[in-house]
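Pasting in a structure now, in structure tokens, and then I'll have a few things to ask.
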Amino acid sequence: MNTPKKQAEMIKEISGVNPLKCMKCGKCSASCPSYNEMDIKPHQFVSYVQNEDIESLVNSKSLWKCLSCFACVERCPRDVKPGKLIDAARQLVVREKGGDYLMADEIPELLDPELPQQLLVSAFRRYRR
Amino acid sequence: MYKIAKENLAALFQLIAGSRELYLPVKVSGQVNFRAWSEDAEVDLDTLKTVKSPKDAFFPQSEDLYTCRKDGKKLTVEPEALKEQDFVVFGMKACDVKGVEVLDKVFLADPVDSFYAARREHGTIVAMACHEPEETCFCKVFGADCAEPVADVAVWMTGEELYWKSLTEKGDALTKSAESLLAEADAEDEKKVEEEKASIRGIVEKLPYSNLSLEGWNGEALNEKFNSELWEELYKPCLACGTCTFVCPTCQCYDIKDYDTGHGIKRYRCWDSCMYSDFTMMAHGNNRTSQMQRFRQRFMHKLVYFPANNDGMYSCVGCGRCVEKCPASLNIVKVIKSFQNQGGDK
Amino acid sequence: MQRIGVFVCHCGSNIAATVDVKKVVEMAKMEPGVVHAEDYQYMCSEAGQSKIAEAIKNEKLTGLVVCSCSPRMHETTFRKAAERAGLNPYMVEVANIREHCSWIHKDMEEATKKAVILARAAIAKVNLNASLKPGESLVTKRALVIGGGIAGIQTALDIAEAGYEVDIVEKTPSIGGRMSQLDKTFPTLDCSACILTPKMVEASAHEKINIYTYSEVEKVSGFVGDFTVDIRKKARSVDMDKCTGCGVCQEKCPSKKNSNEFNRGLNTRSAIYTPFAQAIPNVPVIDRENCIKFKTGKCGVCAKVCQAGAIDYEQKDEILTEKYGAIVVATGFDTIKLDNYDEYAYNQSKDVITSLELERIMNAAGPTKGHLERMSDGKAPKNMVFIQCVGSRCADKRGKSYCSKICCMYTAKHAMLIRDKYPDVNVTVFYIDVRTPGKNFDEFYRRAVEEYGVNYIKGQVGKVAPQPNGQLLVQGVDLIDNKQILMEADMVVLATAIEPDPSVRKIATMLTASIDTNNFLTEAHPKLRPVESPTAGIFLSGVCQGPKDIPETVSQAGAAAVKAIGLLAKDKLMTNPCTAKSDELLCNGCSTCENVCPYGAITYEDKEVNDHGIRETRRIAVVNNALCQGCGACTVACPSGAMDLQGFSNRQIIAEVDAICR
Amino acid sequence: MQELINRAKELLADGTVARVLGWKAGDLPYNPEPAYFEKEEDFENFVYNGFCGANLSKYMIEASKLEGKTLVCLKPCDTYSFNQLIKEHRVDREKAYIIGVGCKGKLDIEKIKGMGIKGIESISGAEITDGADTLTIQTLYGEKTCSYADAMLERCHVCKGKEHKIYDELIGESKETKDAERFDSVAAIEAMSPEEKFAFFQKELSKCIRCNACRNVCPACSCRKCVFDSNKFDSSQKANVDSFEEKMFHIIRAFHVAGRCTDCGECSRVCPQGIPLHLFNRKFIKDINEFYGEYQAGEDTDSRGPLTDFTFDDVEPGIVAERG
Amino acid sequence: MSIETKEEFRPKIVAFCCNWCSYAGADLAGSSRLSYPADVKIIRVPCSCRVNPMFILRAFEKGADGVILCGCHPGDCHYSTGNYYARRRMTLLFSMLDYIGVENGRTRVEWVSAAEGVKFSTTMNEFVEKVRSLGKNVRLEDLRCRN
């Protein structure tokens, strides 16, 4: 397991985001369609990464509630892109599982009807290789 | 006399270069000039004339005289060492050899130019007869015999052989060092060389410039020639470049300059050209302010002043390089002929 | 050979902490021409300067090298010190061993080595320096102010009061600028027109002030003290002298459906119009693009109804050429375009407006006669949402990276005014930070919250969605409660970022005044010379230099005026002696240099020369020293090296190159 | 040629011109020299043939200082140089009477000799009126032939065209000689690796003897005193003491004539060491065309040269690295 | 041994900076304590258009390994047009140097405003790094200037 510091570095590297640019305006949270489902709110993603509390982030509900609609990415006035941060956190989880990737034919069985379609699409986009 | 097959020349050059520096005609990017021999050099003995004359071997286009070093406010002066390494210049022609005679008059006369003298001392000249002289040649006019050059060693190239004849002690030394590759020539060979000489002389007779007359060109003619109105006409196409002087085997003028290396000064001398506007420029200005005067200077020097000071020896050897290379097609022959015609008219 | 003195400054520990100054002194002594070298704590101090003066006298110095801070800082100081001690000031060079050395390098050995080299380069240069004498140029005692807003008006008034002639060039038909569009001003809530109009009148009535409205600066040439400016007076189609300002033409004009710029397009105006009632001059202009007469050739109503016969359809643009000693730029601002902010639905709903539009709506002379109503249906709003920082503090390309500075205060003002006039309207302000530095500013904002019950929510709005019922669904966040907020509003007001007026780019280019990446004019020094452009003779007033509110603008306007007056009060200016010079013996007369000179400073003369005994008449380049600014473009264009720059000569620069590379 | 002589004599006789600048036959079949003709009898030696390659525009700088008009014979390519000199105020149009002479490509004696033809006694086929496309050369070593095109100067293979850009009258027909692309040779070098480029130029320039023929023949190098002869830049060295100086001299010379060089090819024609100097100038021309739009120096007398002009969106110097 | 000297190679870099923008930008880099290698030595010129190609070749002749020219951004020239001329001149000169086989990483033009201390410092860091990777300039030097 990586240290929190290393994890935070990895997230920053994967996402290409510099959390220090955030001016805490909250526009990401204001824009988020899944806001109410989330325990950690989009604007908080940024401070969690900044504070290197990745463990909370990867264990949060938010991790799997983000639709990756990227409204926050589009609208962020500071170019911070919280959506990319959470996306990176997800990727971190996936990576730390090692080579434990899903095979395409395993997916239908695992499908949760509650899971937003957009998340699926996003996941395929991201992990197709 | 010795001989060596042409195909063995490469080995000969390698052998000579093993003990001395060797300069000979080398073709680089289509042009043949005297350069230091190296294994991959494209040696070209067939081209009659190198672009530049081989005078570089004794009087390089530029050479350092001394180095002045600065250390804080302390200055040290280190004179450039004189040439100590023996070297061979292979393939000079009769005219080029005569050119060296002219340079000797200048640099070996008192005060002796030590840099030049050292080079002359350590240099051995291997001169080659001109197998096929060209229309621009007029060495005969200046008393050179391109069929039988006089140097440390004379060589003839004919057929598949090169014939080698040592003429001096230096030549003997060189011959000795190359002994392993040279074969004794026999009477048959001697005959071939004589035939070659005859053939060359035959061609020389037919050359368009061979009958050029130098009548009237001597020290006594100084004022008459100097004041001639012809110069005003002759110089006009001159572009004031230095081509004629830089390809010439006898032009010996140089300038002395300093180069700031950042750590001191390198004093060097380099060829200068009397065609240049800043030639002999002094603090007060210039002796010769017009191109006509500069143009006249060159030819007066070659045909009048030099013979006047050197027992009638002209400082032109008739190599014809200027005839070939002048961008405006001017040359010493045209000058001589113009005066001749004018004389005739009178 | 020069006798050079080298003076190495410790600058306290600024230099001495990283550069071994003793070593620099010791090494400098080794350089050719150096006869004296010493170091001192603060070379720029009184004591340091007198050390220099002493050395000049005792050692008979002919040149000085000061190794210290940037020449941009103290070159003048040392040159003046040298001059006082009897040495030509241009025999002084500064080696920058602070900004370019001690401050950026940590390793002592390395920094010292570099300082030695920088000193060596300066010494090499001084060895080739020559005494230079500045020329003189006369000052035209007249100022030009570009822009007739509050900044321009105040600057013009202050200059005029000092007794100098001032011209104001304003591109719109009236002076007044943005301030004339405002309803009330913070934090005092006094009526904008009430305090502005008297200033406008004062300016127009001032005998020293000449106002060109509906005019633009077309071309600027010359230099500090002697600018020549072409002003284009656009055809007004109305004779200024004849018009009485009765307004009948505007009433009768049949073309009435033209967007009213003054009201930010919220209503319409006639084709012949004055932008607003208190316009100065009170002379209408014909908007030729929309005038029926100009479009079809028929109509001519205005001419028929004009008793004074002032209408002149034949009028043409006029170019005036005037001379000025100083130019003040006061071109002001505009709000940014919101085309890229789809999430706020500005282009989709008429009820999403900018704050400047709200000013017009609130204004009694505005499109709604001062009644707060929705532009879509005229209904009075019940719920209003204000969104702050729209386009300000934005790192992406859609907005501006800077804080627009005035929005927090005017939003508080708007909220307060609405709650005051319409107590039943709920006002919500979404903010990121509330920034209120300024006298009585924070108190003002607190009053909005505490006394007027404005609901301030910390958090930005993510989306404004127009609903089929005409309502606006505002989706925001409350970061304090950690709650997403969905609320319906009747009107949404966007505190839109401001940017320099787009015209400023062209003007800056004409003036050769530098502008930053946001198009704000750059000041000569951000702290010490905030109202001057780096280009001599150009001064900055108002928002063209950076975001400001009215009191700041007025104070800067005054400051710019004082700087301009300081210049105009001089009869003569010393010109820079570092000008180009042509060597007549080398000049080919080929005109290449003339082609690259931006100042027209090079002309040609047929001149008799004596070139080492050859006398002939040649075409020779001659440099006008008053016009030449010393850029050196000509020196490189010149193939023969005839053209050289004094103070930065070819050989001087080459000496520096050599010294650095050796 | 006779028509040209007749017309020149006519103009001399009626006082239109004070002298004629043309070519005088040399003492070898291939070395005519530029010459002035002032009297009727001078024309005996007047010649205009394939060996009259010299660009007489340069001589007009001096001729412009003389009393009266000078009749000058200019080939189509020479007229570009003349225009450029007018633009730079170095020649006086009023002092020139320009006869645009026909051209069917000029010959390069170095090329002929390069084919191993030596001992030349006479050459036929070089006359401007000759229709033949073969030269027949009598030598001491027998008769030789070569095709006219093979003996042409490099510049004629990339001829700018038959049109005279400035003239008072035209005499003689010109022939299209262009059979190669002007920038191919430059492009070939551009395609080399940096090491190959360096080796190529190092080799070529090592031959340079700093005779200044290229500079002195160049109509664009019209400076009264060259920077390399003055101490203005501390650059006067006279000889290529170090290989750096060859590069310095040729780069700076090319830079000084950049945007002014008409590509007349005189530099390459006169170089005694056969250095293809036009490769420098043509590189600049190619770059200028690519970066700033097609520009032909000497096309006219009033356009702004590319180095005394700019546009706001010119390419950045970084383009050089980007192009790779 | 040769590897060791390569590691220690410190290039000589000449930076020509215009007085109004880039020199001030360098000053700002200094007052902001933004470091860049001491290999860079700045020569102040009034404008980028003052820089003659001869100066650049001269620097290489005397042993410089890289030359960089900094001026005001196009459009911001204090003399209004100087940098436009400099831009053309340098483009052509650099192209020529590239053409004769001089590594194009040894020359650079960068527009640095008075406000761009950061850009000045990053530019210099990058440039020094680039020149360092190219090693000693041997194609355009005068050997006599070596020690």
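Which chain is which? They are A, B, C, D and E, in the order written, and residues in each are numbered from 1.
By our rule, contacts are C-beta pairs under 8 Å (C-beta built on N, C-alpha and C of every residue); 3 or more make two chains touch, one makes a residue touch a chain.
These numbers were taken from a predicted model, which means no experiment stands behind them.
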Can you name the chains that touch chain A as well as chain E? C
Per the touch definition, the chains contacting both chain D and chain E are B, C
Average the C-alpha coordinates of each chain, average all protein C-alpha coordinates together, and give the chain whose average is closest to the overall one. E
Could you quickly compare B-D and B-C and let me know which has more C-beta contacts? B-D
What's the chain with its C-alpha centre farthest out from chain B? A
Could you please state the distance in Å, as a whole number, between where the Cα atoms of chain B are centred and where those of chain C are centred? 72
Dist(centroid_CA(chain C), centroid_CA(chain E)) in Å evaluates to 31
Between chain A and chain C, tell me the centre distance in angstrom, where each centre is the average of that chain's C-alpha atoms. 45
Do you know which chain B residues sit against two or more other chains? 259-263
Send over the residues of chain D in touch with two or more other chains. 225, 227, 233-234, 241, 307-309
In contact, pair by pair, are chains A-C, B-C, B-D, B-E, C-D, C-E, D-E
In the complex of these two chains, what residues of chain A are touching chain C? 21, 23-32, 35-36, 41, 43, 71-72, 75-79
Under the touch definition given earlier, write down the residues of chain D that touch chain C in their complex. 65, 87-90, 222-227, 230, 232-234, 256-257, 304-305, 307-309
Per the contact definition, I'd like the list of chain E residues that touch chain B in the complex. 62-63, 144-145, 147
In their shared complex, at which residues does chain D touch chain E? 189-190, 192, 194-202, 227, 233, 235, 241-245, 247-248, 251-252, 254-255, 258, 280, 283-284, 287-288, 291-292, 306-312, 314-321
Of all residues in chain B, those that touch chain E in their complex: 259, 261-263, 266
